[in-house]
Amino acid sequence: MRLYPLILGVNFSFTGDGAQNGTAVGFGNYRELFDDPLFRTALSNVGLLVLLLPVAVAIPGLLATFIYLKVPGHRFYRSVYFFPAVLSPVIVGAIFNLLLAFDGPLNATLGSFGVSPVDWLGDPDLAMVIVAGVHIWATFGMSLVVFLAGFATLDAALLDAARMDGASLRQVIRHVIIPSLSRTIQFVFVTTMIGMLTSMFGLLYVMTTGGPEGSTYLPEYYIWIQQGQMNRPALASAASTILFVIMLVVGLLQVKLLDARGRRTDVPGPSGMVVGRHPHVTARAGDDLPAAVHRQRRDEDAA
Amino acid sequence: MRQRAMWSAVLVVGLALAGCGSASDSGKATSSDSKLVVWDWKSGEAFAKSYLDKAKADFKKKHPDVTVEFVAQPFDQYYTLLGAAIQAGKGPDVMLFNGGGQIRDRVDALVPITDYVAEDKQRLAGWEAFTKDGKVYAGPVTLQGYPIYYNKEVYRKAGLDPATPAATWDKFVADCAAIAKAGAKCFALGNKEGVGIQFWISSLGSTTLTPQEYDAWIAGKRDWNSANVKRLFQTWKEAGDKKMNSDGANSTAMFNDSFAYFQSGKAAHVMGLMSDVGHWKDFNEFLTPEQLGVMKAPVVTAGTTPSMPYDGGIGYAVAKWTKDPKVAADLVRSLTSADALKAFYADAGAIAADTTIDVSQGGPAVSTIVGELKSGKPALHVALSSKTIDLMGRLSQQLLSGSITVDEVVKQLAASDQAG
Amino acid sequence: MKTRRDYILDRFSVTDALRWENISTAWNSVGMGRYFVNSFVVVTVSVLLLLLLGSMAGFALSQLRFRGSSALFLGCLAGLFIPFQVIMVPLARIMADTALIDTYPGLILVYVAQFLPFTVFLMTSYYRGIPPEIIDAARIDGNTVYGVYRRIMLPLGTPALLSVGILDLLFCWNDVLMALVMMPSAENRTLMIGVTSLRGQYSDNIPTFASGVLIAAIPVLLVYLFLQRQIADGVAAGSTKG
């Protein structure tokens, strides 16, 4: 059902556009893509998103843990956390556009503390991170639901035992919850990545339209531009084939590494958050990562 | 046992698929011969109602047995969907297009309607944007142009005479300094989509380029190294450097944050539109006709005369797979009939392609605009390819943020223009 | 919930009353009633089919080892990574050729195909956490494979089924692009398309659009609020068994 159109689509990517419609052009479209600085920006933004992935998984994971452990008001949180997820990205984008506008309330608040205004969505170095952050905010509710279901397989006796031993919250999370939920974590990793790479169009369209200076292009947005605005369907097809291959490789790597990890954690021991196993992260590339990730790396080195 | 589970699963899938297959026969769309499907992105909006009613009534007179269905598509996916329909070889009979690149890139899927619309040739303006290689592919509905609007109230506050806005660029810059003292910005600028620069070069084109350079640009012979072409981008940069624009222009949407900024009186000028949004009627909700002015472009290069830049805005075209192109073309003619366009002008405020419409009731701004159309010329940016326009948008943002020079900008644009 | 005028003048001014005319404009302008029925039928059938197929496949792939099961699982995973843009044009062509375009079953089929990998993946991950001993015990008690599925796997899988059901519901309900491609004629459109077209080319009527979005979100929110209780109960039930 989905594979046959996929073959047609990939086949299409080797043909020409416009006057060359229908004729085979070999790898011409792919060469053009890699020569296009915009497409290269889109690819490096994919790298950035993959780096942000651990954060996007950790947030719903932690919140789900709190709800599971019945922090005060957990019923209330359970209800409101899902709310952003049901809103259309266009509305979410519009809301954040207002908040982050140059003359918007965020800058006004900062201004009252004497901080000079920041052009949040107008600065090419900031905009991508901001949009990704808004995406995480808008979608963590979905992962939260998955995590909550995952807790059903958690052995409550183990949890009680750990608490009786006087384990701190951090220890409980590390030694009990993460090993038990390794499959759920794996699932959330893979689906969060897919969400980031294939469903940010709405936000990008409303918040930045790929700008400023083309800094917030993602393959998905690039495909839309080529297909709809530039009338280059075959080139768009080639770009989406590349997107498919990237997701396939990164996704299967995640599954494989997390699987291996999951099996090893059958033996009690410090597992760390499984995130560090990601190829991009182990490459030690991002010193801009949040402190939590560095902590996890240290844990892994110790393991 | 395991096999049985497998088989039962397979069976269920099979049944589900079969169920879908058989059910589909009954639900098959009734594609009778006497139905025309029209795609656009306007018919869902309230202002389009009386326009469509008039057009439908006109068409009904000619073809009482043909039904017409309008399908409003969301604009952001319009050309993507149209592309899919073209690829699949199945789609609407009549469709709406933006003039310029969007229709010219897709003429392979369209029928030339030159002969069918011959009678309308005189009555309507803006054909050029829908013409390729001498053949007409769509009937124009609106005209799109880029007048400079100004707020007379802000002028008064700044101690300037609202009746005589600056005629030269230097005077204009000086006026802007006075406006800044009065606490307002000179321009409401939204360049998030990179559209600001398009309006800029088109609004100031006639007073920056010499008439020869202008005509050559439109004809496709663009000399990117000429001093005047560079000047187009230098004034853009100058306005940014002198803080004449509203703050955070690169993160402000042209549609419609910058227009809202102008309407609320925080900026004295805006380079607006004649149709769709950001035009005289749109502004009239906040600025009375007496407060809203339209000015001629200030002269940047001595010896030039300002003229209004405009082209065909939107127009309806006929798909090549339609059964009877004559009937479809008749629908296009109904959609561009005098009565229908009059309704479009009255409700949407758009400057319609029919130049015989009486606009004297609309206030001074609209009269000025329509009066200028006679001496108007095609807009500079419409002549560029989609790819070059896209690049220009990004470069203009870099000019505002100061990370590129004007020389580098024209160099990159020249390369893109020659490749395309 | 403001008028457009308020919105332009001051976007953050708190309005004293919810403006019903925004909501009724949103509802009336595009015949939302008809769209609501379309969405309701298509989404309900799609989600039920997804849950049925997803739980069966999840059970088979997690607990029953048969030849090619891991290959099947990998195939399923690969399906997860196909961006819709790659298959959009070929899919439109196939659907037009098979006369499935512009029909309920056509869109249902597309939704099921699109979200089945996700559903199967989640159910498989979940069912893998269930100790095989439970199944072996049930089989010794004389249950057929189908009996195990119905008596053990379905009840045990409730929290996951409810969760994935909510998510599938959300995906199908909020989808715009697939529905646009598959449902060209006006009377077959879904609610989200109707809402999206409220925005207009220049997104200049945010208040009406926002009202439309809020109305459209209510059913999903209600289902979630109703089901999250069940999920929590299921979590409690599941953990005592584990």
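In order of appearance the chains are A, B and C, and numbering begins at 1 in each one.
FYI, contacts are C-beta pairs under 8 Å (C-beta built on N, C-alpha and C of every residue); 3 or more make two chains touch, one makes a residue touch a chain.
It should be emphasised that the depicted structure is a prediction, and the values quoted were computed from it without experimental measurement.
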Interface with the most contact pairs, given as the two chains involved: A-C
Most distant chain from chain A by Cα centroid: B
Cα-centroid distance, chain A relative to chain B, in whole angstrom: 35
Centroid spacing, where centroids are CA-atom means, of chain A and chain C in whole angstrom: 20
Sites on chain B at which at least two other chains make contact: 77, 83, 87, 253
Contacts with 2+ other chains: residues of chain C: 89, 93, 109, 196, 199, 203
Shared interface positions of chain A, touching two or more other chains: 224, 227, 233
Complex contact set, residues of chain C against chain B: 5, 8-9, 29-30, 49, 52-53, 56-57, 59-60, 64-66, 88-89, 92-93, 96, 98-106, 108-109, 112, 144-146, 149, 176-177, 180-181, 184-186, 193, 196-204
In the complex, chain C residues that touch chain A: 11-12, 74, 77-87, 89-91, 93-94, 109, 113-114, 117-118, 121-122, 125-126, 128-130, 159-160, 162-164, 166-167, 170, 174, 192, 195-196, 199, 203, 206, 209-210, 213, 216-217, 220-221, 224-225, 228, 231-232, 234-235, 237-240, 242
Residues of chain A that touch chain B when the two form their complex: 18, 21, 97, 100-103, 117, 119-124, 127, 205, 208-209, 211-214, 224-225, 227-231, 233
For the chain B and chain A complex, residues of the former touching the latter: 76-80, 83, 87, 102, 105-106, 108, 192-194, 247-253, 257, 386-387, 390, 393-394, 397-398, 401, 403
Chain C-facing residues of chain B, complex: 1-6, 8-9, 12-13, 16-17, 19-21, 23-25, 27-29, 37, 41-42, 44-46, 69-75, 77, 81, 83-85, 87-92, 253, 255-256, 260, 263-264, 276-277, 285-286
